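Provided herewith is a single structure, encoded as structure tokens, for subsequent inquiry.
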Amino acid sequence: MSLDTNFMAQVFKTAIAGVPVTLQIVLVALIVSLPIGFIFALVRIYRVKILSPLVRLYVSFVRGTPLIAQILIIYSAFPSFLATIIGKSAFSIDPINYAYIVFTLNSIATLTEVFRSALQTVDKGQLEAGLMVGMAPRQTFVRVILPQALVSALPNITNATLYLIKNSSLAFIMSVKDITAIAKTQAAFSYNFLEAYLVVWVYYLIIAYAAELLFWFLERYFSRFQRTTTAKSFNWHLFSFKQPTTTVAAVQYDPKKELVNHAHN
Amino acid sequence: MLTIKNLTKSYGPQQILKGIDFQVNQGDVITLIGPSGSGKTTLLRTITTLEKGDGGTIDFAGVQGELAHLSKNDIRTIRQNVGFVFQNYNLFNNKTTLQNVTEGLVVAHKIPKAQAKTIALAALKKVGMADYVAHYPSQLSGGQAQRVGIARAIALKPQVIFFDEPTSALDPELVGEVLKVMRQLAEEGATMVVITHQMNFARNVANKVVFMADGQVVEAGSPADIFDHPQVPRTQQFLAEILSNV
Amino acid sequence: MTTLALIYKFLIQILPAIQITLIISVASIILGGLLGAALTRAKLSSHWWWRAIANVYISVIRATPAIIMIFVVYYGLPFLIKGWFHVSIEGWNRMYFVVIALTLLFSAPVAEIFRSAYLAVPAGQKEAALMVGMSPWQAFIRITLPQTFVIALPNLANAIINLLKEGALTFTIGVVDMVAKAQMIVANNSGGFAFETYGALALIYWVISLAIDKLVSLVESSFQKKRQAIQP
């Protein structure tokens, strides 16, 4: 008993049609959720009345529930909801739109926390120094705080993107014709599921590593000012696991930070 | 030139400043000394509007008003007329040495870029950092960073420069280079208010020494008055402790 | 019936399947934790090949979608076992496959969390323990490990919640867990009340996640109290 390599080569060729679909979902979700996540982070940091607790609830819900539940809610409930407004045509919408919605909503929550923690890592002294050279708080925020926060957010944005790429593999549940869906259909004819999924796996590894490499260049470019004597080399083992810390219960105080500091003292 | 009257400030139930009167004249070099927790830093931060005072008045740069109710314009005026040197430098991490100095000139004081650069280079030269214009703060030693911090403050030509323990975060061997720059500024006639534990600086450079304890000014006078003939027991005790440690 | 009443009704119907989710999660946490600890050991090893093996493994897992991992284990493991031992395991309870897949997925982040937490404990702690006469093993068990654990807790909570959520894909290989149950309810209602049903499903997971967070912050604050008591 051995793997059917001919079949694998065949799947490899046909499934490539799903790669643009996956990338499209990832890109759309990222582009839409980055600015919204940033605004949500500001809402949380400046404790905007009414909105701030709502954002917090939203982030907590998205973080606390499985993606599959979110997909099922949007995919099965949204069309009938839409149908009450625009009639039956709601059911003939291209399913990729649902994928856009689900993954964008999901990423917004992750990125809100990414930006929030990044803005909080910038030392308060930076703001004070800006004020003391006569700049207005807003000028200091835009010219000093923001650039530093964005750079410190980059590793977590990389992680969030990686999660997004991996999560997008569930798009097939919404009948989107992505890599997994194509491979699955092919396998169903001959029952070569193992071969098909191995191919899909390879595709995801390639996409994930490519994304990681891309972000590594971005990080390197934008963190010029942090570079001291030792240049950061590419993390070939691709492993920082600085997960987007979406700690919801422990937002007011950061016990880990305190503990780490204790440990260093 | 700068007059503070009856300044009070509390954090929660704890009163940090208990009615401080404070006066700075043109050309003064004032050192603030006192045990930690005596309110020195809070005094500086309140005068410069980094903290909001609870009570008391300020008269400075055309602003006359209560510290607790300063308008946005008043705050802006005060900030544009003071310089501040931080204990931990607070250089803008994302800006080069040169940009650190030009930033305030260009953005806040609306000085054209080319002119700002000239002013900045002159200030950096004065503190001996002209060779480091393209360095980022992470590439500087503590002493170098603090000298850039001083250049950033003096480039703005403020009426008064406040120094909040400018050498306390430095390794002992780097303290000298920063004090030298400060001494030079004093000799050139800059108006300075300095919190420091460097008693030599307080004695030899300042024309006035203010001793604070428990949120109050305990004693103030010339260095000779304070160091050689302290009148108040609390001052004598503090000086005995700090000088015996040298 | 109102939406809330419906959600409550479906919640009661879905809830019995929670035991599948809990069994799978707990088993994966234990096995994945052990594998993660072994990987940490490998990553901290002085032999480069141990480090290389651990790094490659972790890097691959990190880039692997959970659904693909579950499928590959489900279809691939019987294939391998048959090839090597000529034993058929296709009749296994499908939950085993999920547990294996989740164990593999969980071990990678856990290894990295353990490693960074271990490195965050100052070397002086271990040195002090050795200097009061403890053996290296005693120093590790009594001094380093407890501190590592406290530092690792918040990130561990994150990883556990992720595991819980990835476990919701169990239904894809035909185990009747909460998700499958919810889908059956929707099917029985001819696709009706989907929002209420899946809403109830999400609610259950949300409560479990919040409970994990709460539990961890309780454990943490109890540790912090201990520390505060020691410090002057």
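Quick notes on this structure:
The letters A, B and C name the chains in turn, as written, and every chain counts its residues from 1.
Criterion: contacts are C-beta pairs under 8 Å (C-beta built on N, C-alpha and C of every residue); 3 or more make two chains touch, one makes a residue touch a chain.
By chain, with names taken from UniProt: B = ABC-type polar amino acid transport system, ATPase component; C = ABC-type amino acid transport permease component.
All values derive from a computational prediction rather than experimental measurement.
The chains touching subunit A as well as subunit B do not exist; no chain touches both.
Central chain assignment: A. Criterion: smallest distance from chain C-alpha mean to the mean of all protein C-alpha atoms. Averaging Cα atoms per chain gives one point for each, and the point farthest from that of subunit C is the centre of B.
Look at where the CA atoms of subunit A average out and do the same for subunit B: the two points lie 45 Å apart. Put simply, the C-alpha centre of subunit B and that of subunit C have 53 angstrom between them. In this assembly, the C-alpha centroid of subunit A lies 20 Å from the C-alpha centroid of subunit C.
Those residues of subunit C lying in contact with subunit A across their complex are 55-56, 58-60, 62-68, 71-72, 75-76, 79, 82-83, 108-109, 112-113, 116, 120-122, 125, 147, 150-151, 153-155, 157-159, 161-162, 164-169, 171, 179, 182-183, 186, 191, 194-195, 198-199, 201-202, 205-206, 208-210, 213-214, 216-217, 220-221, 223-224, 227.
By the touch criterion stated above, subunit A contacts subunit B in their complex at residues 123, 125-126, 128-136, 139, 143-144, 147-148, 151, 224-229. Contact residues of subunit B toward subunit A in the complex are 48-50, 76, 79-80, 82-84, 86, 88, 90-96, 103-104, 107-109, 136-139, 152-153, 156. Taken in their complex, subunit A has these residues touching subunit C: 1-2, 60-61, 63-70, 72-73, 76-77, 80-81, 162, 165-167, 169-170, 180, 193-194, 197-198, 200-201, 204-205, 208-209, 212, 236-241, 243, 245-250, 255-256, 258-260, 262-264.
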